[in-house]
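Next, two complexes with chain A in common: one pairs it with chain B, the other with chain C.
Let's turn to the complex of A and B:
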């Protein structure tokens, strides 16, 4: 069981990590990045697919980073494809029509997602005093039903930390959904470290 | 009695900032609000210190700070935020309020709450 304080603090860590990422991104694109308050849920695969609400044939772009160490699992950003194309175009400064995700654009999208996921992992590791090594970001694009399981790549009976977050750049609403997937053992370890961090802060 | 208003959507942060405030101001009356809207009923009351989060559901921390300053022109306000973008810093500078970047907030908040009260 996860307590209200544990889930609140984990959400706050994602918020702070996203804040650090927004700062890095705003310097990269020379513009302000607006972000929402994230939501947090610990849910199973079926609940997640219901929450995300993608149709099996819906086109999405996913960028994922694998992590190992005390914080094992995967950080994933899911973008509806139109939004991801706009974002990639902004980053790659390519003003060609929004019809295809070129290699350059995939690279740009991987970069922005890597910045977001790595800033969040780094914040969690620092505040909870745990370690994690991360892979390079990998970008997959296609129908939801064909790439979801490949990107997620864990036993779907496990609990999933789902962080719903939204951000926008220069008044273009770009929606991204952020998922952190861990197995039960890692989630339990994360909760133990969360409790320790809260005790240290004098918040119990 | 020192009066402190803390606004943060995170319960953990509200309690943590309150704990830090009590280290400095043991005998204090602290009001905790989870949103700017929750803080609005207190806006006409005078507080010695205000700790506001920037990213809040609904009205932002900077909008709330502006409303507070409209009523209490020399209020001591600090923006405690994870959003350290230059644009955010500029907005705080424009209305002459301090900014503390999460997560390393304990020492700068102790300094803030140690500042002399206005009243």
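Let's turn to the complex of A and C:
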């Protein structure tokens, strides 16, 4: 179980990471980017699928970044396909009547998602004082039932950190889900560190 | 450098790996932990124009005049410091490095579209290097451009299609006619609101309806076992032309429609488009028009054109079944008087009532037509006996015994009927009609309220009449007329005080033609005015001759014909003629028949008043033959009453004749009218009249009519 304090602390970690990501993205696209973390949950695979509520045949876009080293696992961003299209088209800055992502748009979406996930990972590594290297972001698109397990690639009994997040790019509000999948050991370590950090702050 | 290759992994030499990286189709840069270039492959040399030798050991940022983008520097740092891998997409990073695919592109400053990947390289657990790989994504960019263009065009096409579909939909929806598409099994596809309204169905009811239930003709064919549209249209012989069918509503009521069918071009699933127009009001209008063209609008009877059609048909049938076709020609007696005195409204109502009475007398399949003002014709078809015509005519005449009650007026009207039979004297419709007309005329002149069969001698009469008409025209020109004078003997003073001028026609071939024969012809063919003028002028001249012979108070009587009477509407003309002859109006006595006075009583009173004021004497001729009463005559400014010779003929033996003549004399005198007895032929008659205070007598007993000069001699002798 995770206490409310721990939950708040972890949420704060994500907030910091996403803040860094927002500032980097703002600079990149030369426009304002806002990000917020409204929720944080530690849940299992079954709970996750219930929470997300995607239909098996629903089209989704996922970008994931694998991490290795002292921190193992995967950071995943899931967008409903319409939202990913909208984001990509806005980034393209030209009107596109296409109802699918082009190869280059997919890469742009991967880059943005990579920046978000990498910044969060960096924040966590810094806080936990661990090293982890990351892979390139990989984009997968398709029906939820066919790509979910492939992208998530984890023993479904493992705990998943689930962060619902909102972000706004180029004056358009978008909703996405951010998942962090870690093995039990990493999560325990994260929780221990959280406890220590809280202790240090004297708020335990 | 000559050293033996050093094996690295899986038997590959370090040199081979180096060569592979060097010749890669990507740009490969390896940086040291201090960001200095340690590897710069051939692709980089080619696209950057910076040789391997120049790049090695240089800070990457120092190789390019504009340095590195912030994103790239950050990514390199993140790779070296924190082991992060980064992807720099072409969309978000325009030309991270100034690389060109050719010299031309360099000159036109058109760099390679790049996707850059930056990764940490590890040796054991520690990061030793940073790998930068650059991929030329120009092809992807071009592909995307093409794709975008196609998509834009496709979108434009879709929009255009959507717009035209919308337009067509609007056009169809705004069409006044019903438009329905349907399939082979009769089920309805698309339709407009006009169609739903036409069949009084809601849109949802319309969607579930079948065309087989909406078109009566389809419905019947479908009920008879035809289940496919194609079968029905083949059986009903429906093509793409506009045809008239019958629409059908849910309550089984039907209405006429105009139906246009086209086949949809889709062989795999035959479909049809129909345009349906409700033509109920047009049909009604057509029916009205047809009725108007064939029926008399006033009476609703057949008109002349339908009558001709029916007669033609009847004659054709007669030939086939050897029965008779009988044509009755009816003319109302004195209808003109009613129209003139009581107005056209009464006249029209009378015609309607007359039509009803005639119709009630006939069988349903007999045709009655109104072919002119007061002229009616009746066709009796397929009659076995020609006397049927007379029976029907009798029945009709009897029906007229009862007076008509028209807008408060009780009108007694009689009818004259002519009958012609086919087969008979006539061979054609025209002849048959003319014969019936001739017979009608005969009925009329023989006293009205009668019927008369056509006989071939009538035909002879007609021919004679026609030749008389022609000859009359010549007679005036050739001076064939003469005037004879018959003395009017005054019983009171025992002398001749006047004479009646009588016209005589000496025909060059036929000799003497009596006035009774040619005056009616002159009246009918319109020569009467000319004849009348001639008589009046010459009678005035005779009066002048007599005057000049010393008979200053002598008076010449001139007969004025009823038709002529209408023409001399202004009395001034008569006065002028008289004066120009050198005499005065009081030397002239105008004889007018009572029938003429009674035809238009109001006008008669006016005109006779004016003539009387001018000094003319006015006599009523043939008194007793018409229907006027003495009491009525007192309204007219009359001077003389001439008793018709028919009353004188039987004097003094016949008690009736005695009673009548006595009564007339008595009444005339009480109205201060002088009396002239016509046709006095015997001494006894003269004695009787004298005894009964008759004023003047005329007749063979005194003298026959004689030519002017002979008369003057006679007068001089007998005065």
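What to note about this one:
One rule holds for everything that comes next: the second predicted complex is superposed on the first by the 199 of 204 C-alpha atoms of A that agree within 3 Å, B and C clash if a C-alpha of one lies under 4 Å from a C-alpha of the other, contacts with A are read in each partner's own complex, and residues count from 1 in each chain.
Here, a residue touches a chain if its C-beta (ideal position, glycine included) is under 8 Å from a C-beta of that chain, and two chains touch if they have at least 3 such contacts.
Predicted model only: the values in this text are computed from it and were never measured.
After superposition onto chain A, partners chain B and chain C are found to sit side by side with no clash. Once the two complexes are overlaid on the shared chain, A:69 sits against chain C while remaining clear of chain B.
Geometry note, superposition on chain A: angle between chain B and chain C about the Cα centre of chain A is 100 degrees, to the nearest 10.
In the overlay built on the shared chain, the residue A:32 is in contact with chain B alone; chain C does not reach it.
Shared-chain residue A:8: touches chain B; no touch with chain C. By the touch criterion stated above, A:164 is placed in contact with neither chain B nor chain C. In the overlay built on the shared chain, the residue A:107 is in contact with chain C alone; chain B does not reach it. By the touch criterion stated above, A:132 is placed in contact with chain C alone, chain B being left untouched. Residue contacts after overlaying the shared chain place A:20 against chain B, while chain C stays out of touching range.
Judged by the touch definition given at the top, the superposed model places A:123 against chain B, while chain C stays out of reach. Minimum C-alpha separation, chain B to chain C, in the superposed model: 16 Å. For the contact definition in use here, the residues of chain A common to its chain B contact set and its chain C contact set are 27.
Of all residues in chain A, only 24, 27-29, 65, 69, 91-92, 94, 96-98, 102-105, 107-108, 110-112, 114-115, 118, 121-122, 125, 131-137 touch chain C in the complex they form. Residues of chain C that touch chain A in their complex: 70-71, 74, 78, 82-93, 115, 117, 119-120, 122, 125, 127, 137, 140-141, 143-144, 147-148, 151-152, 154-155.
Against chain B, in their complex, chain A makes its touches with residues 4-5, 8-9, 11-13, 15-20, 22-23, 26-27, 32-33, 35-37, 123, 126-127, 198, 201-203.
The part of chain B that touches chain A in the complex is made up of residues 9-13, 15-16, 19, 55-57, 81-87, 102-103.
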